[in-house]
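Every chain is named by a letter (A, B, C and D) in the order it is written, and numbering of its residues begins at 1.
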Amino acid sequence: MKDTIRVTVWNEYRHEKTNEKIAKLYPDGIHGAIANYLKAQPGMEVRTATLDEPEHGLTDEVLNNTDVLTWWGHMAHGEVSDAVVDKVHARVLSGMGLIVLHSAHFSKIFRKLMGTTCNLKWREIGEKERLWVVEPGHPIAAGLGEYIEIEHTEMYGERFDIPQPDTLVFISWFAGGEVFRSGCCFHRGAGKIFYFRPGHETLPIYHHEGVLRVIANAVRWAAPAGGPKPTFGNVKPLEKV
Amino acid sequence: MKDTIRVTVWNEYRHEKTNEKIAKLYPDGIHGAIANYLKAQPGMEVRTATLDEPEHGLTDEVLNNTDVLTWWGHMAHGEVSDAVVDKVHARVLSGMGLIVLHSAHFSKIFRKLMGTTCNLKWREIGEKERLWVVEPGHPIAAGLGEYIEIEHTEMYGERFDIPQPDTLVFISWFAGGEVFRSGCCFHRGAGKIFYFRPGHETLPIYHHEGVLRVIANAVRWAAPAGGPKPTFGNVKPLEKV
Amino acid sequence: MKDTIRVTVWNEYRHEKTNEKIAKLYPDGIHGAIANYLKAQPGMEVRTATLDEPEHGLTDEVLNNTDVLTWWGHMAHGEVSDAVVDKVHARVLSGMGLIVLHSAHFSKIFRKLMGTTCNLKWREIGEKERLWVVEPGHPIAAGLGEYIEIEHTEMYGERFDIPQPDTLVFISWFAGGEVFRSGCCFHRGAGKIFYFRPGHETLPIYHHEGVLRVIANAVRWAAPAGGPKPTFGNVKPLEKV
Amino acid sequence: MKDTIRVTVWNEYRHEKTNEKIAKLYPDGIHGAIANYLKAQPGMEVRTATLDEPEHGLTDEVLNNTDVLTWWGHMAHGEVSDAVVDKVHARVLSGMGLIVLHSAHFSKIFRKLMGTTCNLKWREIGEKERLWVVEPGHPIAAGLGEYIEIEHTEMYGERFDIPQPDTLVFISWFAGGEVFRSGCCFHRGAGKIFYFRPGHETLPIYHHEGVLRVIANAVRWAAPAGGPKPTFGNVKPLEKV
């Protein structure tokens, strides 16, 4: 592994520009809140990118120099260009880590990587959530207690229409009666993907120490490990046949 | 489970029409060889569909009355219409079984469901393959010995760029020095998918008793089980919050 | 698969003999309640066995003629002889299905098969449980709605110290704030194991239609599929080396 | 994660003392060959322990100060005391990493953790093995090419009677016609386990750069991550019921 992980924090960055309450909660945008936390971590080099920049801020130069990309989107999934989605997809398959946050379950990139609808149940009444760690030996659970509690949150409930995760790290309990697979690890191609449920534009979820710590852990876990670059296509036999 | 499994055997059906040797090997087409075997199984109702029929033979009426679809394609993946692929995709996610055969690893429908390139190594020198059963308790291995041997086959080698299967049933050994995850089970949505490697247009693979038996087993395993139809979207709390 | 599944329903059968309230709830014992339901299923041949019978009712003759064994125990795990546990263990590895119910998470046989402590959190205040189906395509979810609700139950909470299940079918929500992986599928050797959480001696859980249906589904899923009997030890090469 | 990983390299250390050829191949014992390589890695503090030391060199003091234990045994599995096995088992479940090498598939500790026989096929004719990387994004594959080749080795063949690994990293091809799941990751309790096939007492496998690199990678992967210590037993509700 390289010494420094180059992280790009991507954010749709629309809610913050149109809603005063949200702007106040995230004065630097949701990307700013996440990036500021990650910048304080040892060994991370952090930049941000947003939807309304040219190429959504994800030029070839940026993508080729990103080890882990975090993704938050909600109201404008449809405005993300297919060309950029295809590039991000190719980068993940060739080894870039991807951290998919909250409502980005419905982003084009996550759905393309999962192959399923990624649909779920939801409700916005600010109820309580408790994320239980079910795989305590996993590095994404480093430094946590047995659960993370979020006093007021949007609910996401099962059935969450995703492939069975390679490793399930968190299961959420919600006051209203639902459960959710909230922390899901996937290998896809040479890349690693972590879906992490918490996060909302009108709630201070991305100021929550536990949530931020999980994101930082996930960035470390998803960083490229330096394995082989598979080759494909027609090959000669390695043995006499 | 219903008493009868309605199977649709889909085939590209091009090689057989243009190459005399292949036509002789599969006088009823590859679909015919597979369908004839399945028709002799108890509890299966079998029809076929091919690329050059209107809507590739996969009309709404056909798809809505198919419990398990088997898919063989090779030279004309690109000619399968996206509209039909989208319909098949939706049907799998809502419960239809899908058996993906050999070179259909590169079919639009399999790649869309997997979210990865599904690329691999290959070689056509007619070498020997031995498929080892690595999960002997799985119903897809019913009636088999410890391995299936295929005297002359096309080689497919790792890295096979797919998500880790939910269950890995077969691993292939090839004389030329490669290995391959040859029998892979996946849940996607409410549907079950089985990728099965053997099969080639110029070789009598679909006349091989072991190969045909696995396809029949896989059809039974992938048949819809009658579970719940998940609902999605905004929901009221089930508990007082 | 054979036409008839031979099921042995095993029960510790102690609570029912010493506690009047429990005896009234389960006049034929917990095993009786489960066996009566299974007997009404097509294609099942059902017998029972209990701790205080000679060899706990699990003689070689019984075990060798059992396709699927269901196991309930609670207060007397330690009284189950190691010799019988070793025999059951060997039978599971050679293909017999095993359904592990509720407090049998702490049975010798389940712990031996899992290799972990199988420990968990618990509480007996008769709170509400809701078991969400998270893998709707799995045959164990056949005939169910999106969740099973149990009005009054003992709580089991994560961390449940088991290996990651091969397939996770149910996750429970509890009123008191916990979650639990309540329906867990495992392949071990040639056998299939299903752990199912609900069930308690002082509550009518084994009269609950949804719970009983899951047990019957699990019996069908866990029945031996007729795959190969692996051989082990020193072997000659299959190819010229 | 702590800065330094404390590794204990355990070896049966019998073959080397009784067989001149083996002694010449591994003058410091197999443990010496492995330990010497690991000592040269940044951030590893390495000691060794062997069967014939008091408590097999695995005193409480040693175990409590071991982050990752590597285990090689072959002819004397039965001489490892059950008390020590129980202690190692408990340490793994509470977070210590365990690397299980070659013939240690039959060690008491591995079989206890897996819950299965861990049996396999084998043959000693010094044939060729090729270990293919099937999960190139996994950290255990760091720095490797697409495969590792071992010119002369003992063969291990499927069916390998283990639970399905959480992640399968390597599959071996053997000249004699078999395949093997050669690099298998498991979570058990809070601990991580890696089974790695290569290695033999009469062959210079533990002088092979690729093999040693995998062992070093595995040590890093298996090191405790600092997650929560689960608590078990009776608990009060976290919510008003």
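The rule is simple: contacts are C-beta pairs under 8 Å (C-beta built on N, C-alpha and C of every residue); 3 or more make two chains touch, one makes a residue touch a chain.
Small disclaimer: the values here were computed from a predicted structure and weren't measured.
Between subunit B and subunit D, the least number of touch steps comes to 1. Mean C-alpha position of subunit A lies 37 Å from that of subunit C. Rounded to whole angstrom, the centroid-to-centroid distance between subunit A and subunit B, based on C-alpha atoms, equals 32 Å. Within subunit B, the positions touching two or more other chains are listed as 128, 130, 133, 135-136, 146, 157-159, 164, 166-167, 175, 177-178, 187, 189, 228, 230-231, 238-239.
Chain contact topology: the protein chains form a complete graph, every chain touching every other one.
Chain contact summary for the complex, subunit D toward subunit A: residues 1, 95, 128, 130, 133, 135-139, 141-146, 166-167, 175, 187, 189-192, 224-231, 238-239.
For subunit B in complex with subunit A, the touching residues are 93, 112-117, 119-123, 125, 127-128, 155, 157-159, 161, 163-164, 166, 175-178, 186-189, 228, 230-239, 241. Those residues of subunit A that touch subunit C in the shared complex are 130, 132-136, 146, 157-160, 164, 167-168, 171-174, 177-179, 181.
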